[in-house]
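Below are two complexes that have chain A in common, paired first with chain B and then with chain C.
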Partner chain A sequence: MNDADKFIIRKAILELAKTGTPRFTSIDDEVRILYNINSKAINLWDFVTAIGAQLSRPPYDPYRETISLDISIGRKRSRKVILNIPLIIYGNIAIHYSSLESVHVALNRLAEKGNVLGLISEIEINTTKDNKRKYPLFKKVPFDINDGLEDYKKSHPEGLMLQYKDETSLKMLQNFRKEFDGPLLVDVSEVFPLYIKTILEEGADGIIVDTDKVTKNERYKGKHAIAVIHDAKKAINDYYKGREENDDDNAILVIAGDVNSAGKIVKAAALGANVVGYSTSMLIAHSNMYSEKPSDVSSIADNVYRHMVGTKGEIKGIPAALGYSDFHNLSPSDLRTSSIDASIQGDIPLEGIDRTYKEMIEQVVNEYVSEKGIKLNSSETQEVVRSIVRE
Partner chain B sequence: MCGICAVMMENRNKDFPIGCLLYKMMESQQIRAQDSTGVAIFNKETNKEFYKLDYFRKNNGKYNPVTEKVPPERLDKTFDELTQDPNIVITSFAKEMNLLKDIGLVRDLDAKYKIRSIQGTHGIGHLRIATSSRVTPDNAHPFSTIVMPDIAVVHNGEITNYSKLRSSLELQGYHLFTRCDSEVIAVFIADQLLRHGDLEKANYELIKKADGPFTYIVATSNSLALVRDKFGARKGIFGYNPGNRNYPPFWAMATDLSALDSVGATFYVETPQPGKPKIFYNEMKTRSIPN
Partner chain C sequence: MPYSKDILELKRHLLRAAESSNSYFDLNKLIVDVRKVNDSEIPYSGLGARSPNDYFPSIKIIGSKLRTKEGDYTTYNNINTIFTLGGRYSSNIITSDVPFFVSGMSYGSLKLPAKIALHLALNRLAKEGIRVIMNTGEGGALPWELYGSEESWSDVSKKRHEYILSYTDRLLKEHHLDSIDRDNLFCRLYPLITQYASGRFWKDPSYLLNADGIEIKIGQGAKIGHGGLLPGPKVTDLVAENRGIPSYKAAHSPSRHLDILGPEDLVAKILELREITDWRTPIIVKVGCSRVYDDIEIILKSYADAASIDGFVGGTGAAPWELRDIIGINTIPSLKPSREAIENYYSTNERDEFRLIVHGSVWDSERIAKCIALGANGVGIGTGFLLSMGCTLVQDCYTNVCPAGLTGSYEKLDIQTSVNGIVNYVKGTLLELKNIAGSVGRKSIHDLRREDLVATDELTSMICGLPLVDGRTFKDPVKEIVKMVIDKRRCLKDHKVNKTLEDTSN
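Right after this comes the complex of A and B.
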């Protein structure tokens, strides 16, 4: 921390001591003015790196290839769905039927090789006897549906995905929970970060958060996807705080949106995502880039298949290098960042210091308060810290 | 490259100074680690009415050891007070256990606490070389927990997903005093024992959840469990000494074979299978071989 930062912090404390009310300008804004930094949005993913504390520890070859990616979806009372790759293809926008068919063919081929991943889809795929679905389908249910579940049961989906819009969606969730014993995922992007506790109490098996949608909301304007993931995980953790459920009962967090490359998947998983919702349109676009016949179902399916196999290998690489045998053992402690913004938004320790920016501010505030003999109780001190880091 | 060891006397024999056996085993493994040392020795006769709380009070970088006898009715209040104080690190919560640890060599620990003369039914010992946390008395092993009394753990290796396990325990409301991955083992096992009381199941659960290369020994008031990670990436062996006129039979566990040699536990020498806990109960009859 340099003198300019310290000056701003001192000013914040003295202002509070003098006026009794915390300041509303963040240190970040003042630092930007001081250093004349352009306040345009920065892609914070690029500042976040995976640095395991155990990199200095001896690798335990020959076992580093045995990295489990399996994830079980479904809490105690639900049927379980196991994915061998923690990805769900999530159609954020309507895609052409032939593209969906390509994804279907690719997912079937992947499942045959023991690489089961999920698909969230509203559109029905006409499967023939020879081309039966071999992967779990999470049937997408629009939030304005008034009918019962009968239509959705016809396609025998392994799970359902509901979109939560407001309080009226709660009734729908309760009804569906009564009628459906498979995993129920709830997309909360429209209302995030509200209702998560209620949704989990009503028996949802997982929460889906689309970072693209959330960061367009007024509440998250100017914030980055890493802040959304951090807050989503915190909301789920807060629900489980003090409870004795074991891991079998844990609701999963599915992060969709701008997480669409192996590096981002690993970082999102370390921040708390259990499964990543991989955008269908991105998948098709990515696969089509290399296709000579973009409309050919078979060639697109080939590319989707290869892309997913490649992604699987890549997302195993970092946990392996960190000495993990399970992808889901990644945690925020494996991340470091070189950006103050990323540290504040994702609660990620800064590189070389191994403490978050908030922890540094806390220390400086405590030292200054103690040195000057200013009387602040712990909640007031926290208020100063929060106002400085603009939490 | 820490060194761990343990001794379990047969037939609940509590009159033999097993501190002496632990001392020999630790001395023979001192080459492995020299940062800090500790033992936990169990004796049912030591304390019947009070719980014994050992803790360090940190003051200007110094660690002052304090022992407090607490009656059961005052236990919750005492824990509340002590856990609120950031300068307190509780190292042992016991009814039958005597846990002693400090920085330095095993001979330094003996000079300070006379560990060679301590009698008991079973005990564990540890020699530490610091890898992931600082060399301070509170980071020395064995680790205990305030979740339930008479649990101690010595550990060699790394729990690489320590942060994740620690967060899940903290979410359940457990208080951890250090940043050492070994403390997580003690709290995790205690949590499992509170759920179902089965030490073997508790260890299987930890093997399933914990990642990384490790061997640890967990001691409770009537048992010892020697556990290796699922890949067997760290050493761990056990052997038997049938005893003679001068001393009773016992089982011994250690990191290095030299430690078993030093106390003559050279019969039925085996290494536990990776991912399969080997459990020794102090009700065992003479020359019984655990399954």
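Right after this comes the complex of A and C.
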């Protein structure tokens, strides 16, 4: 139930329980007024759900069976990096060095327990012999560097992350690809959805898209993260269209931004994200700065560690309940929506009818043209559909 | 919930960090993150999912009224509201005087006084001629539910009899309810459905033999594909004894029945239960709403008397918070495919007594009527009954602390007040249902049809196949737009052709 509805529902039932006599207005009459006021304030993510496994597809049991979350990053000749949790700590949060150090300690502890996840960072963490890094680091390279890679190689990162801005970024990517054999991830948020094909052709191992940044761009103004993920996956799929299938050539899609809860991680994965750029761990570490009595690095690391253990439990449980033993088997067909907007933006089937809004409109267009004897070819039909759904 | 000082401090700091970092953060879920930071456990929540659109308010019953004349509630007294269950394969038929019943809420999830209030209220209603079905939920049944009649004791050994009475004494004593009259308690006048869930939290054959109906729970709306869950602190010694499990350890029942992995297994299980109950007892199969068409199709072919579907807003005592909010579909969109599966089945099979029961986000008479008009035969209500006992909807049912004394802090609950609340809720809802059916010209609540409904928006019209308020379907406005778009395209095309002709002639 909606938070806003609760009071109406409770008031109505209490009235019945008190009097035992019929009311004048129903719950729905009163809720209807609220919906008109509030419907636009709700995040589109909330209108998207996944369909669980019941009789026609049995669920897995996360408490008794293995649910795999592993993902390999690196195409063809690149060195592979394996993550046991499909998350890379990444966010545009300016955090204090000690906070980053806490994240580092937490990631090490997690890696020791077989829960390897990545970190994208520009700042170098001073490691000692006892405090060696046990998780993959994707060193962030600013887009305006002129020198070679030598400085970046010093910290022995497992991967690099470049921010793509313009033509010069492409040259940088070409140079880095020659010199660096680890995974190269390219953040295309500034130019999205352009250049993805070119970037993948130049050997990038993955694309990073920050939905917060993209939805602030003119091209995506008014659109939701759902549309960004959908389009990003489509761009990657388009790149592979017509190419020979090769298990060793899987460019990954990393989605950052408005994906900060287990539910959203699962929805983003179903829409096409392979890995999520997760900022909440940084926020948790950073929140210590607001404490009246700031804790030490180890205590903050405990917080980050515990949070991640809980999150891992959540993101293991959901695919199991959908009938998957592997998180990466999630697909758009597992999602349903109760919003026309979400259906249009993410090509998500509407609940109950299992067809997208566009498909429903296409059916009406076909019915109409057939009734009226109008001849439209398929591209004309699509054009009419697009103009109706205002895509 | 009274969160600890540590959790509240963490929450405050995280909120400030989120605000200052200027990054987007889901404030609704802030407490989920903080709880994970605190104990690394998966955060639970109670009641139903947060659904921004459950479609109910977007459906109207044409010309219906909840109330007719001031002070006169007998205008439509003769409207039939009886709901029957069974008779498709079972020899017994359960009869209820109302088309709604108490959904499965187990002892353990609910505290004893709340369970007793429900028991006494349904007995009082039955004495007044209103029989309401009660479902035990997953956690076994209470002694007076199973042994609520003289005949139910007939095959019980002396030793077992003594144990049952001793367990009852301990239950009542622990809850300071010693003064309750045992004769009054050990009397059940309403039909009881026991739940056969994956946890099999019962150890007494009478759980199946003394029940009026059996519900095989494959899943529930709040945690589809996850299995039942009772957090450790709620598994007290007496709850553990009732369920046959260790005390104070979380009871995670498997996400699926270990012996029901597919349609054939379901048939085998139902036949097994049929043999045990000598084909007397009606059997229901309950699923959470997801692939409802396929699931109902399987249930129809499985020797079950009824299918029960639970929308994802359906409540629970405890479910992983994130899982509850992400998995499943709403009740209303599940009704059309369910009905289609049933109609398709009966297009080649002779029609029989199969029933469709729905649960999830149904709280009052109008919602019950809408479900029936859309094809349900009966409706299960859980949260509505809790609300009638004073539930405050804070959703902390997974803890031992409940502001209303229903799922925790049981000392707060006044049984007599709760009984009155439940009785009034049922009576008021029944009167409203009669008024709704009567005011739209129906003689029985089950005569309500889709034709009595309209949708107030395009999406609801599309999903339910209902006309819009102005009588048109969602297709009509779309066709108008198609016409406009095509006409505009033609104009542009003609304009281009004319322009080309003009250019050529010039």
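Keep this in mind: the second predicted complex is superposed on the first by the 321 of 391 C-alpha atoms of A that agree within 3 Å, B and C clash if a C-alpha of one lies under 4 Å from a C-alpha of the other, contacts with A are read in each partner's own complex, and residues count from 1 in each chain.
In the analysis below, a contact is a pair of C-beta atoms (placed from the backbone, for glycine too) under 8 Å apart; a residue touches a chain by one contact, two chains touch by 3 or more.
What you are looking at is a predicted structure, and each value in this text was computed from that prediction instead of being measured.
In the superposed model, A:125 makes contact with neither chain B nor chain C. Once chain A of one complex is fitted onto chain A of the other, the partner contacts of A:194 are absent, as it touches neither chain B nor chain C.
In the superposition on chain A, A:170 contacts neither chain B nor chain C. In the superposition on chain A, A:237 makes contact with chain B only, not with chain C. Of the two partner chains placed by the overlay, only chain C lies in contact with A:303; chain B stays clear of it.
In the superposition on chain A, A:332 contacts chain B only, with no contact to chain C. Contacts of A:323 after superposition on the shared chain: both chain B and chain C are touched.
In the superposed model, C is the one of chain B and chain C that contacts more residues of chain A. In the three-chain superposition model, chain A touches both chain B and chain C at residues 52-54, 57-58, 60, 63, 322-323. Those residues of chain B that touch chain A in the shared complex are 131-132, 158, 160-164, 167-168, 171-173, 195, 209, 211-213, 230-231, 233.
Only residues 52-54, 57-58, 60, 63, 66, 237, 240-244, 247, 322-326, 329-334 of chain A touch chain B when the two sit together in their complex. Put simply, chain A touches chain C in their complex at residues 1-3, 6, 9-10, 12-14, 16-29, 31-32, 35, 39, 42-43, 46-47, 49-64, 91-95, 212, 257-258, 260-264, 266-267, 279-280, 283-284, 286-291, 303-307, 309-311, 313-314, 317-318, 320-323, 336, 338-340, 350-354, 360-361, 364-365, 367-369, 374, 376, 380, 384, 387-388. By the touch criterion stated above, chain C contacts chain A in their complex at residues 9-10, 12-14, 16-18, 20-21, 23-26, 28-29, 32-33, 35-43, 47-59, 66-68, 73, 218-219, 223-227, 252, 254-256, 261-263, 266, 285, 287-288, 290-291, 294-295, 298-299, 312-313, 320, 322-323, 325-330, 332-337, 361, 363-367, 384, 387-393, 420-425, 427-429, 431-432, 435, 456, 458-459, 462-464, 475, 478-479, 481-483, 485-486, 489.
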